[in-house]
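Labels run A, B and C following the written order; every chain starts at residue 1.
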Amino acid sequence: MALLELRELSKRFGGLQALARVNLTVEDGMIASLIGPNGAGKTTLFNTLTGIYPPDEGEIQFRDRSLVGLKPDRITHAGISRTFQNIRLFSHMTVLENVLVGMHLHMHTGLAEILLRTKHSQAREKDARHKAMELIELTGLAGREGEWAHQLSYGEQRRLEVARALAAQPKLLLLDEPTAGMNTTEAQSLMTLFRQLLGPYVQAILLIEHNMRVVMGISHRVHVLDYGEKIAEGHPDEVRQDPRVIEAYLGHGVWAGNAQS
Amino acid sequence: MNPSLASIGLLVYITGSSILAYLHPQSTLAFLLFEASLLLIYYSSARPGVKFMLGALVLLVLMPILGFINAYYLEISVEVGIYVALALGLNIVVGFVGLLNLGFVAFYAIGAYLWAIFGSPQANEFIAGGFFPLASYWFFVFLILSIAIGAATGVLLGLPVLRLRGDYLAVVTLGFAEVVRALVNNLDKPINLTNGPKGISPIEKPPLFFQPVLEFFGIQVTTAKLYPLYFYFLVLFLVLGIILVTRRLEDSRIGRAWKAIREDELAAAAMGIPVVRMKLFGFAVGASFASAVGVLFAAKQVFINPESFTFMESIGVLAMVIVGGMGSVPGAVLGATGVTILNLQLLKGLSLWLNSLRQSGAIVSIPFLGSYALSQIPAQLEPAKYERMVFGLILIVMMIFRPQGILPPRQDQRK
Amino acid sequence: MDLALQILPQVLVDGIVLGFMYALIALGYTMVYGVLEFINFAHSEIFVLGAFVGVETLFMLQSAGQLATLNPAIVLLLVIVAGMTVSGLAAMALERVAYRPLQGSPRLVALISAIGASFFLQDGLRLFESLWRNTFYLTYPTLDILDRTVPLTADLVVPVKSILVVVTALIMLLGLYLFVNRTQMGTAIRAVAQDPDTASLMGVPVNRVISLTFFVGGAMGGLAGVLFGLNYGLVNPYSGFFPGLKAFTAAVLGGIGNIPGAMLGGMVLGLLEAMAGSYLSILTNGAFGAEYKDVFAFVVLILILILRPRGLLGEKVREERG
């Protein structure tokens, strides 16, 4: 069953065609990767999908609902949540608070309840903190929950973003270069985490990645973008041998499994 | 420090400073030391229950007693309390949500004029029937009403303005406050709503509903002595109420959503937060605090005019939030207290001191520069008149050296 | 209706004069915003400083007995040059002291510092004049030639001082346009406005360009101050606040960062305000009169920002990185 279906998705900025009639499907239970050279339109695809820009043409179907024209917070409501390429944490809030913000949607405490500090609202708070701590432990940040987000190391910040995105209880998790800047060990542990998430936490994952080891290691399916167009799709092994893809990357170095492109 | 030791230390300090203030009713310093006991209580390592008791002792027992003897203390406390309430309201808008509202005083004015118009004969100018001023117990009704009206005005201002980027939003809110002030200044025609620059008076004070109780106990106090105490307690409870509401909101998903918006609006939206709605709500809450305090202000002053609601006032409150620490409740309280006292007592005290120097007829010799007769100090050098200079300097210095304020929000907010 | 038409020429003249003054002040706001994406809130005090320098220069000439003897054109030239220079330098100093230390900070921090600077300068001027002249409400000495009138048409007479404003402003605006578009320094300013990082990589001394921008913008504001003082006669340290705010509105109206925009915005706002001042009362049957003309500009500002935030001619600020 297709969880997400992008049909003929197009977006231009002035003279630049950032996305040109992209077709892409993500199925339930799948980890899919979106790869392509820099500037191929990958983050634009995420931004269009999550409502930051409206698409010029095309359709976005998510669980039999069209997402076109929805604002970002409504899209999160629909069941999609994401991380960002240039980490966008809430720097002057603690790790725990960052994750709790992700739970905003699901807390349902009303104004009156909050002001009167009803048993109900306190129970919800407690429950939310409990779930948040679970996610913090899951992403390997246990013990750091009281620190300001900006005090974390780079790798920890990326993991916090994942925890925060998970707090929104998404069906589809979008990850924008989650292992960027990490060494092999850190990237490996994130890969393990992602595999763990599939099923108990999320129904599908779509990630943008430059690290080919990660892409090859966990993807069920790989989609390749170049200059806004989708040029290839398939099983990782198929895609790595596709001549169009190789040409787009202009070289073999990338495919030898180097961490950075 | 050992909690019990801290508690004893506090008790000693409180006793000492209150006795000092009692013996020297004219001394600014003694009063400041006494007030500082609250700060010490807050930051001490005594147990929360003890802190609460000591705080209650200072605010509910000692201060009223000192105030009864010297009404000036009560006046200062009320004025400080009003600005604390305003600073707390602005703190939500600027500190939590991160929106620079330069026209916050408009909401204050709306609350004040609301009661001023209906709690005085003013409303008879445009509503026939001689119903006004309303009976004094309506004060409490209007207090509640002003919360709703303040919130509504906040939303009305917010709707067009919240899409603007930070600096534009600041200037537009400033414009809005000036529009409100111009309206208030000029709506004495075609119908006389506000009596224009002449102001409105006399405004009803809230009723002394507890007077029968006092008389029952044989306590005879003149209303003149009673009202300052009454306003003190009214302001105190209003401020405590505002602090309570603020802390509860802060520790909830609403407070977290606000802070998230302040930190990164885009990411906040991506986490499912309805940004525009939350911003409007923040505006509304801040505005409602200001309006409520406005009603109290009008009743206390008995006379109000547009001069109390200038841009200078808005900046004054902003300076309080900034100096104290944006986004922090103790910061707002400290900032408001500090700046108000600076304004009321220190600047005036400085003026008086300079005056006394002038009159002393003394001559001072400065090496290399010769001697200088103190009576020659120019009369224009009147520190009390140079508030703007002081505020301006405070703002610049704070931004350059400590933009987070004196008491920025701390990590361990669990109190 | 007849009355309305009758006063129209006078209203137009008033509007044009006001418009040029707003345009000159608006240039200061727009140039600084173009280069730093920052509202120099204290520009209104740079403007008023110009007016004060003007009046002090005239007083100095007066006490030296030169005021009556020198050719009025020389007097005016001296006053204008003095006003422009001091204001320009003050603006540069302001940037150095209150804004440059905050270069990396969030913009709102700099804005708050600017507000602080504005307040500080207001009272600073007051203090100076209080100590120097015992009063801070100053009246410009009259120059007879300025009050003479020139008949433009059968019914319309225009005072020389209005012509002075228009002529001086036009010369300056032309000069500024040439400076920004035809000289190397001007190009440097435009480069920094568009993309400071690349400009810096190309060898442009960004900080010096910023200082220059403040100087030029400040000088324009100072000129406006002198003209304001010559035209209206009275100055006090707080009289910069409203014109400053209105000129900022004009800058936004024309498109912030856009120099021709500031000029256009100034003219439009000046005309609108003059018309509001004269016609509002007639239009509303006396309900709302000229006392609301100050507020008028704010209403315009709010409307622009809601309906067309880019302004009439479009913004010229930093290009967004994709």
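One rule holds for everything that comes next: a residue touches a chain if its C-beta (ideal position, glycine included) is under 8 Å from a C-beta of that chain, and two chains touch if they have at least 3 such contacts.
Quick caveat: nothing in here was measured; it's all calculated off a predicted structure.
The most distant chain from chain A is C, comparing centres defined as mean Cα coordinates. Compare each chain's C-alpha centroid with the centroid of every protein C-alpha atom shown, and the nearest one belongs to B. Note: centroid distance chain B to chain C, computed from Cα atoms, is 35 Å.
Computed from the mean C-alpha positions, the centre of chain A lies at a distance of 50 Å from the centre of chain C. Centres computed as Cα averages put chain A at a distance of 46 Å from chain B. In chain A, no residue touches two or more other chains.
Residues 98, 100, 102, 160-161, 164, 166-168, 170-172, 174-176, 178-179, 182-183, 185-186, 189-190, 311, 315, 318, 322, 378, 380-381, 386-389, 391-396, 399-400, 403 of chain B touch chain C in their complex. On the chain C side of its complex with chain B, the touching residues are 38-39, 97-98, 101-102, 105, 107-113, 115-124, 126-127, 130-131, 134, 241, 245, 248-249, 252, 286-288, 291-292, 294-295, 298-299, 301-302, 305-306, 309.
Within the complex, the chain B residues that touch chain A are 245, 248-249, 251-254, 256-257, 259-260, 263-264, 266-275, 327, 409, 411-412. Residues 50, 52, 71-73, 76-77, 81-82, 84, 88-94, 97, 100-105, 107, 109, 111, 114-115, 117, 121, 125, 128, 146-148, 164-165, 167-168 of chain A touch chain B in their complex.
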